[in-house]
Amino acid sequence: MDRTDPEGAIAAAAKRCSNWGRWGADDVLGTLNHLDEAKRREGAALVRRGASFSLAQRFDANGPQKGWRRRTNPVHTMLDTGTDAERGTQGFPHGIGGADDVISMPLQASTQWDGLGHIFDHGVAYNGRRAGDVVTSEGDRITGIETTAGLIAGRGVLLDVGRVFGAGQKGGAEGELPDGFAITPDHLEATIAAHGDTARVGRGDLLLVRTGRLTRARREGWGDYAGGDSAGLSFSTVDWLHGTEIAGVATDTWGVEVRPNEFDNAFQPLHQVAIPHIGLFLGEMWDLDALADDCVADGVHEFWLTAAPLPVTGAVGAPVAPIAVK
Amino acid sequence: MDRTDPEGAIAAAAKRCSNWGRWGADDVLGTLNHLDEAKRREGAALVRRGASFSLAQRFDANGPQKGWRRRTNPVHTMLDTGTDAERGTQGFPHGIGGADDVISMPLQASTQWDGLGHIFDHGVAYNGRRAGDVVTSEGDRITGIETTAGLIAGRGVLLDVGRVFGAGQKGGAEGELPDGFAITPDHLEATIAAHGDTARVGRGDLLLVRTGRLTRARREGWGDYAGGDSAGLSFSTVDWLHGTEIAGVATDTWGVEVRPNEFDNAFQPLHQVAIPHIGLFLGEMWDLDALADDCVADGVHEFWLTAAPLPVTGAVGAPVAPIAVK
Amino acid sequence: MDRTDPEGAIAAAAKRCSNWGRWGADDVLGTLNHLDEAKRREGAALVRRGASFSLAQRFDANGPQKGWRRRTNPVHTMLDTGTDAERGTQGFPHGIGGADDVISMPLQASTQWDGLGHIFDHGVAYNGRRAGDVVTSEGDRITGIETTAGLIAGRGVLLDVGRVFGAGQKGGAEGELPDGFAITPDHLEATIAAHGDTARVGRGDLLLVRTGRLTRARREGWGDYAGGDSAGLSFSTVDWLHGTEIAGVATDTWGVEVRPNEFDNAFQPLHQVAIPHIGLFLGEMWDLDALADDCVADGVHEFWLTAAPLPVTGAVGAPVAPIAVK
Amino acid sequence: MDRTDPEGAIAAAAKRCSNWGRWGADDVLGTLNHLDEAKRREGAALVRRGASFSLAQRFDANGPQKGWRRRTNPVHTMLDTGTDAERGTQGFPHGIGGADDVISMPLQASTQWDGLGHIFDHGVAYNGRRAGDVVTSEGDRITGIETTAGLIAGRGVLLDVGRVFGAGQKGGAEGELPDGFAITPDHLEATIAAHGDTARVGRGDLLLVRTGRLTRARREGWGDYAGGDSAGLSFSTVDWLHGTEIAGVATDTWGVEVRPNEFDNAFQPLHQVAIPHIGLFLGEMWDLDALADDCVADGVHEFWLTAAPLPVTGAVGAPVAPIAVK
């Protein structure tokens, strides 16, 4: 890679990996087209013990956001409370009392899927549409996250790159990659080899890549977790992500990609190919730690995964409460 | 039932059906305790075709809320847009552009689970806690919806009472019960019998009851869908709900219960037993129509169901994007 | 006026009334340039009794908005309450307790000033700037309402057209013009004549025009108050508004202009000249009733007026709590 | 003062300074009762030059809040933009385009008035009401800020304690008091003496006290401006504030009082007397710098001040855009 030419590298990768037109001019689902009913049967068959794992962070004011690009943490307020109910201020009959609540939050404040309207390349969105035809102030009129409703359920695979490569790295720790560690296709393949056959990755799979970044944030405090340096996928994984025909990839970092990025003066170059050209669904800030512990314990890195984003009409990203079951 | 004495009926039912202390003084999960790993294995085994169904309504400004008790529809606004990206106002390098968004919404604006802190009986919450010790302005400190993270995944059963009883009722229609239709245990059992063995309901199941109310709202407009009259569960189902040991029950109505309620001057009396005394999880405003059509088509009323609420810390209810897979 | 050619009428009026460049290429204040220190001295001298009048509606969930263009009513929730304080859940020392609150609202939900970035003519904003150079998803970068901070204080004049012309109109009432009543320059001049010398209107004045529309909404319910039919200024007032060199004009209606508009297939044509071409500040949904009653009582239609919008950075409109003092 | 007994000091001060019942059992205005029409005439007569000054900070994401007690900075998002209008995505006729916006913010995020429901003493609110009878989750039912609509206009006086005492203090600077500097009645009287006759303070006045804290935050960054250490009024001013019969007092700090407070293990003890017992209106985070510069320049410390809070129904505090005119 030529560090000085992100634009050239992006253009070349976009040409190699484009899925524009692959599923028709009207397609809004991108790589979710890879996730079919057979894959769901395969995924459900992976439930052997019935153990379930939440892969979501909690949504609250103590989250990672610091206000960057007006991304704040969720603000949760009450419309009615138990103190009011107990005090008798609510005016309901026969002793019933209630509590109710409200939330205000960026849709990408915490555990989330990026939608296909989240990123553009030179003003062009997924499938070659003009960005301004897709996402206006009224939201994403075409590829809004609600178009994925019901689809994201299938076979999940966890590649715990943090565990396989963390301890040996300068600045890394047991199970945690250091900031700036660029996960290459070789790292991914070596992790699959280390994990064994249950970690194979193929068409329609929902890939989870653990770096250990969230583990560290939990221990040391959020710091720059949201928007700052991190281990993550190298730009060089773009062909691998395209070629494996996975349905989506999620990590325990804020932005999937390694940070600092691998080009000078760059910002999330892998996104610029993955979303508008591949149509790939990216998951961010997932909590993979409990599941990863279990995978180490039983040696099985595949599972039944459901991860339906909240179907906010026109959203370019949405919170999700994924559940993995083994 | 004595229509003039909701308070007496509630007190008697609460005594009969109480689960206080059943899972220890510290329990926060109520009937989710019924949903165990065996049940998840049973649920996963129901995935035969791999067909998936979203049971969530879309979350947007065109929803059912009219402002009752400050419940408004979701307000979704953009932090960045495709028009800005295309116009070149964003200032990012190498041609990348982005869109981002924010939502502000009551947590019970649309498809949702009630948490155990949502309803109180005479100032007392689930497991006998004082309401003011549980839910203050800072939210639910004990039974917040985040405590359910990862758990709500198992066997789902659809009882399409609307289809079985709708056509024969005055004011009803093909597949739709009329407003005020009180679904009794007899109706539930008759529906199970009509559906056949795949509709049996037992310990740990996630029960879905379709009335057809949402179908009508789709056809005729929201009207009073949120907060108004509806078919729904009769107060007399309380012992059945308790005795079956289901993990939760969700309907396609705003409030699970028949409206008007069956007592004079009453408000949601079944809630007053179900949530604080049984510790039962109630789902509201679920979209059961596509799944119901499929159940008619293949005659199978059971399926895998994941329905993890967004884990908002301290929430007394939360939006959910349930996925059923058959 | 040719009812079939709003575009032509707008273009011609824009040409006649343009203030582009009048106060320099960098100007962001438009007609507020007319409001100078002498005018403030004149305004302050009008305080004879010391009687003050709030011209703001209350901001709450019972407001006029119905969701049109995602304009909802304000949602006000509490962060802390007196019930919590009394119950002792707050954890503060020496018996202090507190209440705190949050609001979520469209900036133009109720009593408000339009900023100069609120309306564009064929993609062009005030002073000839391209709309996309002025207002992006990040807000108004040039003419944000905060640029008016401290300026809107001077001589106010109330023209009670509703009282002068209401009773005589078909569909009107005592003090209330009927919907669709177009207030022309003749009506304005006749109202000034009826009110007498204290109602004269000139350079730098803040003009208030009462139609009685809010009075009716208070009596009959909001109905279509926000966004629907109304009496209001005729498009033909555009030269009068420009020629008088007023600093701003506010009414008791949602949109200043007569509705339905006076052209076929039109939407707020007067705005399209007033804001981007004249740079005129328009106030909407002001409550002029108490002040109007007083003006009838004492025969004085001029007063001190302060009406500083909340200085939200980059806002294209903002709520205001105006105070008139006589 | 006994540093170890805030509760005793508060109780004694409350007894000395109570205004309970002074204006009747139903009173909701507290010290605003001191501000009468004569005072407004006196205030308006102070307009000699017509120069106006905004005393509001800008409301935006770059404000002082850090999330303490869920107080965040305002989040301002657009419903429509100029880029959309220029791009032609809005669908309006005859070339009109528009921009609109929304805000979500704590009511006490920036320049603001505390309402009388903001603070309680041992569960009791202003005029002896139980806190839970006044402020529930539905807001302040009795002393909501909307009850002050139209009233806060009168004579303002600026006491620039920062200028008079700042330079001589350890840790202070030219015009800026150091953190922890407790402004006593002696400091206030000495400042009045230094400023001369235009700075006299009496019944019905709106008193502004400048510490220089905001000046420093502007220079050094917000740091702990919101919620942290600061110069401010000493608890010992409580009798002076009561005895002068001022209508309200505002400062350029987040919390009016000196911080750290003057008692061990204390939190805003002056508030606990001033609001519930005196019924005194406290203004916080006002920007007094430009006005203070002018007062130095012309030697006049009195002016016409209008400062109407946004009349949010049931609010216990509200943003305000004050205008001083000299």
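For reference, chains read A, B, C and D in written order, and residue numbers begin at 1 within each chain.
FYI, a residue touches a chain if its C-beta (ideal position, glycine included) is under 8 Å from a C-beta of that chain, and two chains touch if they have at least 3 such contacts.
Because the structure is a prediction, the values reported are computed rather than measured.
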item	value
Chains in simultaneous contact with subunit B and subunit C	A, D
Between the pairs B-D and A-D, the one where more C-beta pairs touch	A-D
Subunit C-subunit D separation of Cα centroids, rounded to whole Å	27
For subunit A paired with subunit D, centre-to-centre distance based on mean C-alpha positions, whole Å	44
Shared interface positions of subunit D, touching two or more other chains	70, 75, 77-81, 83-84, 86-87, 89, 102, 104, 132-133, 136-138
Subunit C partner contacts - residues on subunit A that touch it in the complex	75, 77-79, 81, 83-84, 86-87, 89, 102, 104, 137
Contact footprint of subunit B on subunit A as seen in their complex	6-7, 10, 36-41, 43-45, 47-54, 56-60, 62, 69-71, 74, 76-83, 85-88, 92-108, 117-123, 125, 130-140, 146, 149-153, 263, 265-269, 271-272, 304, 306, 308-317, 319-323, 325
